[in-house]
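Step one of this worksheet: look at the structure below.
The letters A, B, C and D name the chains in turn, as written, and every chain counts its residues from 1.
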């Protein structure tokens, strides 16, 4: 489960993908990750797939959280899982979250699309983050609080 | 001293022409195209003219931009029919970041797949001639809505398309709308845009400029909102702009909204006279709540109505309208038109109520005026060579600090918070020069902090989603 | 002189018992049933208790009544779950006019055809025992909403069913709600109801009474609204009622609503002390716009939100909620619950804003106080033997005149009109004793009349449908 | 068309049927009828079918306008045409208008029901009265303005 040693705080890379500048959730996520015992590596806004790959490789990240809020996600996140695998990072846990598509589309459809992109979990317009933190702990087998 | 000054005007015609050629290179847009097109438009297509003839109620203007010409035409007609006084052209985020190839690619793919793959109208991809056709029969002004550090080509195209109101500014379209675009370069590009707007309108019908007041729409203390607006007003006046709207976003506090409206108008007019820009016609625009919206339409309608009423009580010149789809995603044509009808109706529910005030409003206005004057004094007394340089250095020093701005140059040392009465307070000013006295007033008005009953991330999320 | 007086209390136990026997005859309801049932209810089921413990926001209460027990239970649960602080029991119009056979017949036929053939809950047909079951698990007060000149049996049944707030009064449930029910008889019946309410609640948990402020909801000048409320407050206090809410309907003018709230509370308290009823706990209730609603839900939501905000600014104790179905017909459970959620949300958008005022509000309050005091003086100086008789004769003489009242005894000489700022003005006072000075102020504030550009019927319809 | 002589102003009886006290539209209708050259006989609110029959017979009415706003109309107006016919008033023009049923039902269905009750024209929740006045003039062949 992830290349990071369990004792050391697992590294989680997060960022907002595309020409997206919505930073509020990103800042809150970064604080929450720290409070849940993770080491957050925050790429901030206006990121690209390669930024996530580089950061994941350099920091030995256990997980990558990709945020998209302005609707560009459906394009920007295509093939994300495959790109990670190519870079030898297939083991890294991948979440997508935010307002993942343009306009109003059924959540089930959005989840299908992003799961198809290779994300392990998809959080389309969740009103809270508690579920995600719990899932992350579970997926990284990390129990330290 | 670095006071706002006419001499800062980019008056060298050759230099401006050279830069324009560089900007327009390859776009197929002739330098004189915009001027000629605007000269042929009827008065009612000019925002500056509309503002001079405002009826006894605020104007209202929705947002909206679809990738395809066909759908943008549908939206334009529906919004006009619903009673929008200004028609929006909201530009997509790729174009806002000058990634014109991505915008063109996704426009084409979207048209092929009959799907919207852009969150706005790709103005550069469509070009000025196709866009002009959207407005051939239009009897009211069109406003460019975007969020673009380098808007030079975008504005050249917009003016040539017959758009007569340009939103934005070097601070308000850089700090909240980009993470690393060099701020000094953006400020320079917006001097270009201001100069272009000053020169392109026909005599007596100037192109109108509007700054973006809401900034990050997240716990922005009124003093920051007001000072950013005044900076962009003065920077535009330096370049010869003569019709300008300062604006602000609904704060979540009725009293602070009334206080901001009063201080923003008064200080704006005073500064224009003080620095010899008395010819500038100053307007005030109010954005309905720009923060996280509630999911349920019934609740969203309540927030929209209260925003409309507050805009009316604050005596603003224009209200920018939100839709019940805000929390969900880009609004449908139908829900955008319904929002226009609803706000137009709500604005009539308290006609002639501009005299509304209270002790709390007077106190907020008094504190705000004091904070604004201190920050302006700091700006004007700055040793920088020009006013623009002073503005730039005040951002770097943290004297101007916008909470939740993604931009790397934003100091983010200012800690805001929200009092029980919903007023936005300054918990820690960081490097923003606020007097000890005013810092004490801010903390007293904040009142006792709620006990940290939850982890910080949850308290922050709760604060930010206060009205969601 | 005919001043409100404790001696007017129906204290003769035998006489009251005799009348109760006559009223209860054949209903199967025992005289002690209500008292015993209320004595067993928890505090939180009492409106008077709830008002003493109001949190920092107005309470909110929807309307609603379906013919069948099953659907009324569904509505009750949905409204409680949506956050209604008071649960309504709205009675059908046959029962309101004591036509119990018609109510029973249409209840039965409706159940057979699985259709709603009544516009409310037929409380007499269902009886107190079945109705008690609706509220077995309820944790908040139930309010009786109806429009009934002779409500004696209805209120006996309601109290026995565990309802602890009784709306209505001799004037407010007769003039707008009937065309020829003898007004003096109705005033007497409401003395019976007031006396019953005064005697039936357990010690310290009095049954709460609420007058119906909106009257005909059509151009009712504030002085008439306020004086009718004060009459019913004093008539109830005479009978020993110790928990009473005066109320008023949204006028369509923010300023007049704020003025009415202030004058109604102040004059009510002053009169209670003046006439020795200081023990009465006085509350203030605000009805969202009671006139014609717009058809389109988006617009209806705007009117509902502005009503909620004004109620909050006026510092009222309870807001009575309208639904987006108002213009269409009786609301569905879903739309009624959505209206409760929406108003509960809207009420939080301006917490702690009770200090709001303006010059126009101060002027309206000053003029209103002057008009109210003159009409009260006329009432109190009336040569009638009792206060009730004075109230009755003042209606017959036209001193109290309710525009658009269907009742034959209503003089209908008072001509109201609406100023450009939406304030309701007195164009011609008819027989209402308003000083020359105040009449002059009313006409000045009305301003120039619009030219009669349309036939009278169309102008009247336009005025009445101003917010539709 | 109707027993009233054309020269004399045609008599129109109006009222609000059932335990219905909504008077505002009734008052406006009465004023409008007068302004359109009709002689309005206003029964006011809380009326019954017999009140309309008696008034129509006594005044030689050319038309009867029945208003129902509180939802009782569907019951109170049943068989209205037949009742008029029994009383020898089959010639009298009959309109029904207001908020004719309880709750929200399709207008077409409401119009069908009230036409079935014997009304010549049905105005369910009209937002204006111009149409009705025009129809009334046409139906009564009355041209005097």
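The definition used in the following text is that a contact is a pair of C-beta atoms (placed from the backbone, for glycine too) under 8 Å apart; a residue touches a chain by one contact, two chains touch by 3 or more.
Since this is a predicted model, take the numbers as computed values, not measurements.
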Chain D reached from chain A - shortest hop count over touching chains: 3
Longest centre-to-centre distance from chain C, chain (CA-based): A
Centre-to-centre distance between chain B and chain A (centres being mean Cα positions), rounded to whole Å: 31
Whole-Å gap separating chain B and chain D, where each centre is the average of the chain's CA atoms: 57
Distance from the mean Cα position of chain C to that of chain B, given in whole angstrom: 46
Sites on chain A at which at least two other chains make contact: none
Chain B residues counted as touching two or more neighbouring chains: none
Arrangement of touching chains [line / ring / star / complete / other]: line
Touching pairs - complete list by chain label: A-B, B-C, C-D
Residue numbers on chain C that touch chain B, as the complex places them: 252, 254-255, 294, 296, 298-299, 301-306, 308-309, 324, 338-339, 341-343, 345-346, 349-353, 355-361, 420-422, 467
List of chain C residues in touch with chain D within their complex: 93-94, 96-97, 99, 102, 106, 116-119, 147, 176-180, 216, 218, 295, 325, 327-330, 332, 404-406, 408, 455-458, 460-461, 464-465, 468
Residue ranges of chain D touching chain C (in the complex, touch as defined): 18-21, 23-24, 27-29, 31-32, 35, 44-46, 70-72, 74-75, 99, 101-105, 125, 127-130
